[in-house]
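Reading through the structure tokens given below for one structure.
Labels run A, B and C following the written order; every chain starts at residue 1.
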């Protein structure tokens, strides 16, 4: 019994050590591939992921890793050189401007409601009043007598920051409004609750939800380009200093016609073309 | 030769002692870091402003978590209201009425089901319970009610398991004596068995509460996460746990400290619950 | 009017039966729903291919791998510490202040909710130790989480080993450590294994502690410092963002089935141990 147990334990230990050893050798996969990491805004993240997918197909020697964390975290990570590219969905503050800002596209913030909601248009003032708690009922917008289930993003979110800057101006978002922590989950709530309203990145809009026109202007790429739709924010790639090597290659790809077409297909407004 | 032999045994004992101390070490480090990140804010902003503050706007300097303390309390109570009677009834049936075969099959089956991840409960809650509440009772559906139901279901296996063990550990002689004096089964259970198992049953309730208070992912999915104190069971709410999980990934500086302060409060509440379950309940009932 | 106790008895029995039935029905319904809605979308491709388009299409292979790595590594680290602690508490000391303090530490660790582990793991492993969102951060965090379970079950298992076995071993001239490794541990093996399997189940179903330490990258983790998803995290993100109901149910099914199988194995081993000593 002793011999068997000891041998089994030793074998297990050996396997574990070999396993750990082989894993440890692969720190950052640096031996195999050129890896760059992007981190930051969760609004920019899915599009970076898509761009990364295409980029890696064309550049098999390179790996692009995309993380979230939020715009502020992305700014920090870029400044600390923890990542090669930081992603932000809001403009940089003055003390953050040591970073190089590379706009990769523009994104509209669109107000969404359930597809079955008959309301079609809303003014910017009304949006603000819904979110500061003054307008609470759909009958104030021409629909039935029923409370509005408003949804916002959480504090610290770049999308919320942009929304607060563009719509709320200096006012606070009311405490009774529900909070979800991603574009996807806001969209999901609005898609399933007939009385909900929310704001999401334009690139995230699909058939599950309906967009409202703001003061008669629809949130479309054309309207953004022609400056008619104003709830717009830039998606920024941030680097410390000029991008080099794989980083530069990736950013060049994103700004190339192919990259911009990918973004356009996703509902974003390209910076060129 | 003898000297080497003793040193080896002592060396082994030392190694094992170190292993045993690792638990204390980890506990210590966890407390140090959570308190280290969370306490300074209490000094800077003021204990009252945090614990009794009504406004949570951490990027603008407000760190009030009172509404969340109230909300955590309300859903935990709600979870107990839903789960405890059901669980106790189930445990009682299993312990007192069910045949041996049923016991052997059902108890492990129930404990297996306890292994279902909390995110699955939350998901099913969003798909089935939230719309149900919204359509038939009103409000957005994301509410105290939804959260209490989901949490109540989640703590069922915990309460059933421990209550069952408590009931089963009541000596058979108690029951026999009661029946011998002419009591019916229910009278026996009601007046003899349940009181005897009281400390374990109460402990199971408190442990269930602990589980409900500490639950995060399922709550985020069904609670709506609004910051205001909920005034009705149909209102959305945010618990201490959801607060941490919703904002942790993006938070920096004071915002992050605020989340750790939330963590400190949560930790204290749970430690108190655990303390009560482990010591007070058992000692008090014995007296 | 006094209610006839016999009638009350019958009523109560019926009500309790209903409660038991209802409870079991709820829990079984949960498993059934996941099963019925997930099974149509499970196939070899789902298990072995990579997720595409944020998980809308494709499979969950990287998260299966991530889950396995996380569970195995956490157990690999936690078991020596846990069993060592259990051996110390049962074999090498008598009940004293020392053991009470250590037990207090273990019980306290057991009571800490998973979000606090997530908070701690995030600030300590990810940020302060600069390990980043990675397999190693997740492993170390989960290791601490499952430690109490391993300690408790190992202790029970070791205590269940009859004293005379140890006596016989000593009388044959064995040292304490030899007795422990050659007599006690082998006998307690199935109990210890139960604890290990329960801990694996816990690691697999954890979400809050994992998402803030291991991250949520969609890539296949190939090194200790890679981020990755476990199935639970992947499921949570799919469900919360409404990315794909079908994939969500399918992931949930794989998750639930894995945990059920692990727990069944744990019970089977535990029963073997009980049978051995009763």
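Going forward, contacts are C-beta pairs under 8 Å (C-beta built on N, C-alpha and C of every residue); 3 or more make two chains touch, one makes a residue touch a chain.
In this text the structure is predicted, and so the values were computed from the model without any measurement.
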{"item": "Graph separation of chain A and chain B (steps between touching chains)", "value": "1"}
{"item": "Chain whose Cα centroid lies at the greatest distance from that of chain C", "value": "A"}
{"item": "Intercentroid distance (Cα basis), chain C paired with chain A, Å", "value": "33"}
{"item": "Distance from the mean Cα position of chain C to that of chain B, given in whole angstrom", "value": "17"}
{"item": "Residue list for chain B, restricted to those that touch at least two other chains", "value": "220, 249"}
{"item": "Residues of chain C touching at least two other chains", "value": "240"}
{"item": "Touching two or more other chains - residues of chain A", "value": "68"}
{"item": "Contact set on chain A toward chain C in their complex", "value": "1-2, 5-6, 16, 20, 23-29, 46, 49-50, 53, 65-68, 82, 182-185, 187-188, 191, 208"}
{"item": "Interface residues, chain B side, partner chain A - complex", "value": "55, 57-59, 67, 130-131, 134, 139-142, 220, 224-228, 235-236, 238, 246-247, 249-252, 255"}
{"item": "Chain A contact footprint on chain C (complex, rising order)", "value": "52-54, 73, 76, 132-133, 135, 181-182, 185-186, 215-219, 222-227, 240-243"}
{"item": "Contacting residues of chain B [partner chain C, same complex]", "value": "5, 8-9, 12-13, 15-17, 19-24, 26-27, 29-30, 33-34, 37, 85-87, 89-90, 92-94, 96-98, 106, 108-113, 115-124, 126, 153, 156-157, 160, 184-187, 189, 210, 213-217, 220-221, 241, 244-245, 248-249, 259-260, 263, 266-267, 270-271, 273-274, 278"}
{"item": "Chain B-facing residues of chain A, complex", "value": "68-73, 76, 147, 149, 154-157, 172, 174-181, 189, 192-193, 195-196"}
